[in-house]
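Two complexes, one shared chain (subunit A), two partners (subunit B, subunit C).
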Partner chain A sequence: MRLLRQALLLLRSELRQELRDFELLLTAGFFTVVLLAMFYLSFASLQAKAHLSALPGLMWLTVAFVGVLTLTRVFDREREADTLRALLAAPIERLAIYLAKAAMALLVLMICCAVLVPGLWLMFPAGQAFADQPGQTALLALLGCAGYVAIGTLFAAGLATGAGKNTLLFIILYPLTTPVLMYALVTTRALLDRDPALPDHLTQMFLLDLILFAAACLLFETVLVGAPARAPGRRPRHPRRPDASVRQDMSREPSR
Partner chain B sequence: MTDPMPDAEPRPAPVAAAGFRLSSVLPDLCLLAAIPLLVYSVHRVFMSTPIEQSMGTAFKIFFFHVPMGWLCMLMALIAGIAAAVQLRLRSSGAAAVALAAAEIGFVTGLGVLLTGPIWGNATWGRPWTGDARQVSTALLWLVIVAYLLLRHYGPRSSDRLAAALAIFGAVNVPIIYYAVKLWKTLHPSTGVVGSLPPEMWATFWPGLGGLLLVSLGLLGLRIRQLRLADELDAAWVQLEDPR
Partner chain C sequence: MSEAAAAAAALHGVSQRFGRKVVLRELELELHPGSIVGLVGANGSGKTTLFAVLAGLLQPDTGERRLFGRAADEVDAEARARLAYVAHATQLYGALSARENLRLFADLRAAAGLSTRPADEVLLELGLSAEALGRPVATFSRGMAQRVALARALAAWPELLLLDEPFTALDAAGRGMLSRVLLGERSRGAAVLLSSHDFDALVQICDRIVLLEGGALVRSVERHERHDRHDRHDRHDQNHRHDHRDQRDQQDHQGDRENFRRRAAALWHDLPADPGDTVVDGPR
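== the complex of A and B ==
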């Protein structure tokens, strides 16, 4: 309960910050619209059967692109204000930071999906299935985005503690999020085909999300600040190496 | 003799310690042992093994393709386990093992991705079919590349992040495989190795053994090199800041 309360407090702070300037929502939302326009210009002339095959890819590629943008910005705020160090030093569970950031990114992605899915439906006739099954579509978007955010938040946080290398997030995230995106592609295709096995696919996505969230929660603190110090008498072998302490990690200045 | 730096942590034990140690010559022994095995294997593949009836001469690529695929998986597994140890124990030795295994995995994975389409083109008429095993191998290779890029070009704290990437990469492989398998697959089933006739078995094992020994030898040499680089780094820091 304490963890959840702390995560909610941090999320509220994130939301308050977002409501001041709507930076995340406006940039991610605009990028979604730009991608939709580009997809329309590129694929509108294809036959309806091709639309059916292309729609899952268009949907989840957009989520992948917008997701990286969102995750980068969520942590860039902390980098710019140099507040991540303060957050890590605060007397709160570090997992609460992960949960709050993941929830914020998920919220932004879901709002983008609220623009994306109706956009795809309006632009491509094959997207009618989205409108016919709104509940399943919303659940699919939620599960796909949640899995993406579970991994993405961990790695975005890890890169945010470094000095100016967050562009590597693109390199890391796309290969790693492929399982989630592939499941999402299969499930979206099942939804568009009105496949009776759709609930099974959704259940599998839910289980995958659980695994990814559990792994990310286990690794978050270790990735950000390192494993807890070992018992006295069993000292770390390389205490002077850069990963020896949080303080060194958070420093922006090279040590030599 | 009193310790001149009572508060300082102990420096890493020298890798190139004086005296004979089996572990220091093991990589060289592996590489030496691999030479006759590989020569024998290549000789058997091209001179002694009969041509497979349905796939023809193209089947001979199997004796290189499958061992490299297995070695790529093995190296990814070693990298994942070493990365977990590195995260848990803050061990620079485990970090060296993970990096070395990923580098060998990169090379063997590249071998698989090059030989696979050649075999596929001769057998199926298409180099790439989007088959479950092809896609999962390609994605595993991409994760290995991402790991190596992060280790080489990442920020200062990226060792831990790269370790998490290696762990996720190892966990992802079966998930990707299952996801892609939801579609129809053309790839030979896992039973193909078990169904080989005895003379093909006799060719397969020496090749696998030779490539395994080469991989382990290179792994050992690279680990030793990385440990020495660590020592040099620690000595440099010690020289700059002798407190």
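== the complex of A and C ==
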């Protein structure tokens, strides 16, 4: 309960900051629209059958690009003022930071999907299946983005506390999110094909998300502050007098 | 109670390295309640890393970290509730106001069942004007932001206060105010560790000043006041010897202060001249 309350407080703070400058939403939203326009100009002239094959790729490619942009910006706010360390030193459940950041990134991605999916439907006739199955389309977008965010938030946080550059996030994130994106790709194809096995695909995506979230939750604190060393060498090799190494020759008053 | 158990924080044989760089070497330090310890050292001597280890932001590679009498392999939320850390950066959200910054952390503490001083009260105490409390921190000068960062730390009634160069960017009035506040924290029983390049401020408020060099505490000077004599003196009421003894004690205290200042100046003089030259390569 404490974890949830703290996560909600942090999310509220994120939203408050976002609503003052709309930095995340404007950046991600504009990038989504630009990608949509590029896809339209490149693929609109293809046959409808080709659209069916291309749409899943276009959709999740956009999510991958916009996702990494969002994750970078979510943690840039913390990096610029070093506020993440203030949160880490505060008496809060550190997992609450992860949950709040992941929720914020997921929210931004879902808003982008709210632009992306109707855009794909309007531009490509094969996207009619999105409009015909709105509930399943929304669930697909949610599950795909959630899996992506689960991993992405973990590594973006690790890079925000270290000396890592944002470019590292691109290098690390894409290989690690490949399974999620592949699953999402296959499920999207099933949705467009009106495959009766779609619920099974969605269930599998849900389970994959659960595994990824559980793994990220377990690793988050370690990624941020490191694991305590438990080797025998952790203890002092021999008992020490406090401050024994400090030269105390000038530490006392000369006797009067 | 052993000396180690009484300490608010203790590091024994703590080492920390980043890659091949040894930043802290077999470090020994104890911080006791009701005392202010000043930490001096050249740039790159490991001061900030030492603070990060004490605050639980870094796990030491070797050695033992104890907080509030308990071994702290990990600095859990319970221990973090009793300490406050003000880093060299102000660590404030620029888009939020001073009040909102403090309230965020107060709300987070409240969610954990911890109380905090009212944001406005502590901000005003640290010299921020009422008009400034509602303004975004991004519009603040560095000195004002520093006051907000200090206010956030002090609002939590910490038992262990870790301050990495807290006098940075503060004007003369701000420095005086902070010195008074820290002496108040000491009187309350808090253990304070602060680093600074402000010699006068350190000498004025610290009970002990330690020199960090090459990641190790190499020298220390301690204020040694004659509390025992003073206590004895307090038990005597007015008598004909009182004035004479009071005068003699005042002279002694003055002498103590001068002596502490002189020894601290000698330690200060030993600071390496070149920034960053005290981090040494360690064996693999």
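The working rule: the second predicted complex is superposed on the first by the 226 of 256 C-alpha atoms of A that agree within 3 Å, B and C clash if a C-alpha of one lies under 4 Å from a C-alpha of the other, contacts with A are read in each partner's own complex, and residues count from 1 in each chain.
In this text, a contact is a pair of C-beta atoms (placed from the backbone, for glycine too) under 8 Å apart; a residue touches a chain by one contact, two chains touch by 3 or more.
Keep in mind that what you see is a predicted model, and the values were worked out from it rather than measured.
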item: Contacts of A:10 with subunit B and subunit C, given as first, second, both or neither; value: second
item: Contacts of A:159 with subunit B and subunit C, given as first, second, both or neither; value: first
item: Contacts of A:49 with subunit B and subunit C, given as first, second, both or neither; value: neither
item: First, second, both or neither for A:226, with subunit B first and subunit C second; value: both
item: Common ground on subunit A, meaning residues reached by subunit C in one complex and by subunit B in the other; value: 226-227, 230, 235-237, 240, 242-244, 248
item: Subunit A residues touching subunit B - in the complex, by the definition given at the top; value: 151, 154-155, 158-159, 161-165, 168, 171-172, 174-176, 178-179, 182-183, 186, 208, 211, 215, 219, 222-224, 226-227, 230, 235-244, 248-249, 255-256
item: Subunit B to subunit A touching residues, read off their complex; value: 8-10, 12, 87-93, 139, 142-143, 145-146, 149-150, 153-161, 163-165, 167-169, 171-172, 175-176, 179-180, 182-183, 230, 233-234, 236-238, 240-241
item: Residue ranges of subunit C touching subunit A (in the complex, touch as defined); value: 3-4, 7, 10, 12-13, 26-30, 52, 55-64, 73-74, 77-78, 80-81, 83-85, 87, 89-96, 100, 104-105, 107-109, 111-114, 136, 152, 210, 216-222, 224, 256, 259, 263, 266-267
item: Sites on subunit A touched by subunit C in the complex; value: 2, 5-6, 9-10, 13, 16-17, 20-21, 77, 80-83, 85-86, 88-93, 225-231, 233-237, 240, 242-248, 250-254
